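What follows is one structure encoded as structure tokens, with my remarks underneath.
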Amino acid sequence: MKVGFIGLGSMGAPMAQNILKAGHEIIVFNRTGSRAEPLREAGARIAEEPSEAATGVDLLVTMVSDDLAVEAVLLGEIWPLGSLPRGAVHVSMSTISPELSRHLSELHAAAGQGYVAAPVFGRPEMAEAGKLWIVAAGPPEHVRRCAPVFEAVGQGVLEVGEDVAAANVVKVAGNFLLASAIEAMGEAFAMVRKHGIDPIHFLDIFNGHVLRSPVYQAYGGMIARGEYEPAGFKLAHGLKDTRLVLEAADEVSVPMPMASLIRDHYVSAVARGWSDIDWAALGRIAAANAGLGD
Amino acid sequence: MKVGFIGLGSMGAPMAQNILKAGHEIIVFNRTGSRAEPLREAGARIAEEPSEAATGVDLLVTMVSDDLAVEAVLLGEIWPLGSLPRGAVHVSMSTISPELSRHLSELHAAAGQGYVAAPVFGRPEMAEAGKLWIVAAGPPEHVRRCAPVFEAVGQGVLEVGEDVAAANVVKVAGNFLLASAIEAMGEAFAMVRKHGIDPIHFLDIFNGHVLRSPVYQAYGGMIARGEYEPAGFKLAHGLKDTRLVLEAADEVSVPMPMASLIRDHYVSAVARGWSDIDWAALGRIAAANAGLGD
Amino acid sequence: MKVGFIGLGSMGAPMAQNILKAGHEIIVFNRTGSRAEPLREAGARIAEEPSEAATGVDLLVTMVSDDLAVEAVLLGEIWPLGSLPRGAVHVSMSTISPELSRHLSELHAAAGQGYVAAPVFGRPEMAEAGKLWIVAAGPPEHVRRCAPVFEAVGQGVLEVGEDVAAANVVKVAGNFLLASAIEAMGEAFAMVRKHGIDPIHFLDIFNGHVLRSPVYQAYGGMIARGEYEPAGFKLAHGLKDTRLVLEAADEVSVPMPMASLIRDHYVSAVARGWSDIDWAALGRIAAANAGLGD
Amino acid sequence: MKVGFIGLGSMGAPMAQNILKAGHEIIVFNRTGSRAEPLREAGARIAEEPSEAATGVDLLVTMVSDDLAVEAVLLGEIWPLGSLPRGAVHVSMSTISPELSRHLSELHAAAGQGYVAAPVFGRPEMAEAGKLWIVAAGPPEHVRRCAPVFEAVGQGVLEVGEDVAAANVVKVAGNFLLASAIEAMGEAFAMVRKHGIDPIHFLDIFNGHVLRSPVYQAYGGMIARGEYEPAGFKLAHGLKDTRLVLEAADEVSVPMPMASLIRDHYVSAVARGWSDIDWAALGRIAAANAGLGD
């Protein structure tokens, strides 16, 4: 299978590697060219322009940071969508808005191409291990066409129907649950800490026996130790995803006060210059608000 | 071992039964006498006054609803603390404030009695199965004295040191994490539902593969189905515990905006007459705020 | 002076009438044509297309509901900006985003036209009386050109410099202060009411002697009486403006938790079908959350 | 008239001076004795104990910082209530909880004494000028007895009925409206400032022409200039009053999310060591959260 791949960030790069390892032919594009080097060495072709990565492929995978990047890459002046062959499928694995997903779906349909929304759950180490969870939506025949790539990068596919927006809704709702868990731990840990209790001990007690979630264990450890670097998922992206969930909620008139609260904390973190540390740094905001330095 | 037991609510009654089954002699007291009947039939003695349940016992267990109930029962006119033998231990398993716990500890110490704070995690069905998790704090020799009762009612004891207040801090912080998870699911489910996605499907996808917490699964199911009755843990108690975590946080100058938000939603639920349904009904508030009837 | 005027809503219609009364020649456009009738009778010319209202005028005034309306009207297929004579000035009196204002400023400059941002404070009755307050920003020579129109519709002009966005920032920040006052009264009134105190009496005491603001008096009266119809300013527009202030704040990384809270309440009001009542209906949300029916 | 006066803080001291100037005989008590010196020089008698200030007076005025201080002073071991003559009236002008006010009312009634709740609006400079606004509640004959003192310290009395708690509810609700205005300005000013607009200019525009409230002008000036010292009203007291309004609201099941938000910000300010600066320092929190240093 011939795969185009756009976006070699901390998630995209290992995904592209895994597609290559699975025996597919791959042509990759990244705005910052140097990030493509390890892939070149591993046998990938390097595109100079986004449109080049779309030319003549069976499947075009995009894994970029946000709506703007998708728009810049796909709807730019040198229009890659025009380069994608009729009958080929574009699978958007980025976390983008349900609205943009629907818009892309219509553009591709008009051009005789397929479109599948397939955002993923998992951090970079899971991307490296090919263990992502993929939430996929779109016409079944197009989703089926993505199977070889999904197998290469993930441990399973969770289908949510034909409406492509549904996959993006599930993704942003899921990220919101993660951010809520992070925020809640940040507040709880600041409180127990000022009462003289080691947050790691609290986490072991409570998550070890009650919640029993590996996600709480992982993020809880980061917050309890105050270790937010290197970022597995950057705080600026956490803010972006929180904006997405609020927009998706606003679209259907659902207030999400907890998401609003989290958004405000992320905005404050960005104002303090913390955009590039891990999004678990909601815990650092909670500590700062409690008068606890780092 | 001779055990006094005060408080036969939905948690206390099965705990007392399990203590009895474990072969201990037990004398129980409950404000509403009729709730003691099943225990009488099972072989327990029934006290007419709190003080009677304290007289001549090795261990006095209290499992009542809140600070006020503890104060009413223990610091009332017919002072049961005076009836408790010197050298006996009072183990408070209720969810009460760290402050009251410390106060009781001092009163007991002055009277030559022991005091252990040992709140529990678990819902009524876990109490029935003797599978509670016990968070215990107090002087080691007193905690040790509680071992036979802890074995009868729980599946494990998590010790948090000699400062009795620590156990109560851990308990209210833990309940706050639970309420946060409930609130977050309530908001997320309202949003996905208005986007046409079945919240049960969303929960299966996200908790089944990412969070993987049995607590999310249980509460998530209740919220997704809108089933808040019968209450495993009443909403009025959820409000009480949220007040406790805010007080414990205020005491050490820690803002907990997520706890504030949850408190406000519980207050609104009480104003709507929902005090007696399950505290998972934060999900019902989230739905109502999104214009979704029950 | 020859004036084009686009947007004949509850604010725009009386403003256009006042411009006419001041002796200027005016050509008006409104999407819903019937709203233009009273103006036709008063001597205005009616445009069939937005572009017609821009053709050959000295000054083009736009007073429409939001960014989308501005974009639809001005950047639509029949591009009215192209019809506006070189050297003419477009004065945007709508409440739009600082971002769009800057964008329009650049488009007009490129076309050799002037652009002034001049949003207004005041409700429909003030528009009728020609007593609006105008916040104006833009190049001084262009602001000066708007003087005859400003005199016709307002009681004063408050200049905020050459950066056109500044006027829009001031406007959305001001509307946020109004919404905050409304929300605060909504919560306070629900509380005093459930304590048996008449909110009108409370308002008289507190605003009559402490705050002494005519705005609190007017909105406070509406909330205390629960009278939200007819709308002076629709709730849907209140939500729009709260979104604008949050966007303007996000742009410069400022968290505004009170604005987030207000946004959530407006979203909930829209979900309940209250889009068309007055934005003071934050007080109705506060009452509903307190279990007080209307 | 013979007046006892307890509590010589920044409000109490000038009030006592004004009572003295009005020609009444006065005996004052303050925990920190040195604060009584200027009054001694002006002709007041100094009490060594609270009870001494109650002995033989017609009217006992208390103006202390909070519920705890009232309880310490009035319900202490040397019980001043017992020293107050039968038929004398205690007028509590402190900002205390409606609950404590009702409790005091009952204690006094049982002792054949009168009780009036009469909290005041106004800052220290208004206390000095004898220009406070007094919100009074209680049996009319007792309120009437306070008239000479009210005339000495205030510019007007606003009666709210016989239920003493009503005066305290009005007071805490009023302080909540003030704190809301402060918080809203803090957020708005941080936002306009980062957009390059001088907050003083914004305040002049918006309050000068729209809100037109002297309170916004005064607090707005402090926030815009970042001047929070010396404190007219200490932040720690602002936190106390916000707790009071939340308790009063909780008592009648009214959620007040804006009050919760303000409470959290005050708690954070206390955690940063800002207890003793002016409560307008919500503006300092808003600035800090926006990455703006002082």
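Chains: A, B, C and D, in written order; residue numbering restarts at 1 for each.
Going forward, a residue touches a chain if its C-beta (ideal position, glycine included) is under 8 Å from a C-beta of that chain, and two chains touch if they have at least 3 such contacts.
What you see is a predicted model, and the numbers here were worked out from it, not measured in a lab.
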Report same or different for the subunit A and subunit B interface, where same means the shared residue numbers exceed half of all residue numbers found there. same
Farthest chain from subunit C, comparing Cα centres? B
Starting from the mean Cα coordinates of subunit A and subunit B, work out the distance between those two points in Å. 38
Could you grab the centroid distance between subunit B and subunit C? Build each centroid from C-alpha atoms only and quote it in angstrom. 52
Two or more other chains are touched by the subunit B residues 249, 253-257, 261, 264, 268, 271, 289-291
Residue ranges of subunit C in contact with subunit D within the complex: 98, 121, 133, 135, 156, 158, 160, 163, 165-166, 169-170, 173-174, 176-178, 180-181, 183-185, 187-188, 190-192, 194-197, 201-202, 205-206, 209-216, 245, 248-249, 252-259, 261, 289-291
If we count contacts the way the header does, which residues on subunit A are in touch with subunit D in the complex? 257, 264, 268, 271-273, 289-291
Enumerate the contact residues on subunit B facing subunit D in the complex. 243, 249-250, 253-257, 260-261, 263-265, 267-268, 270-271
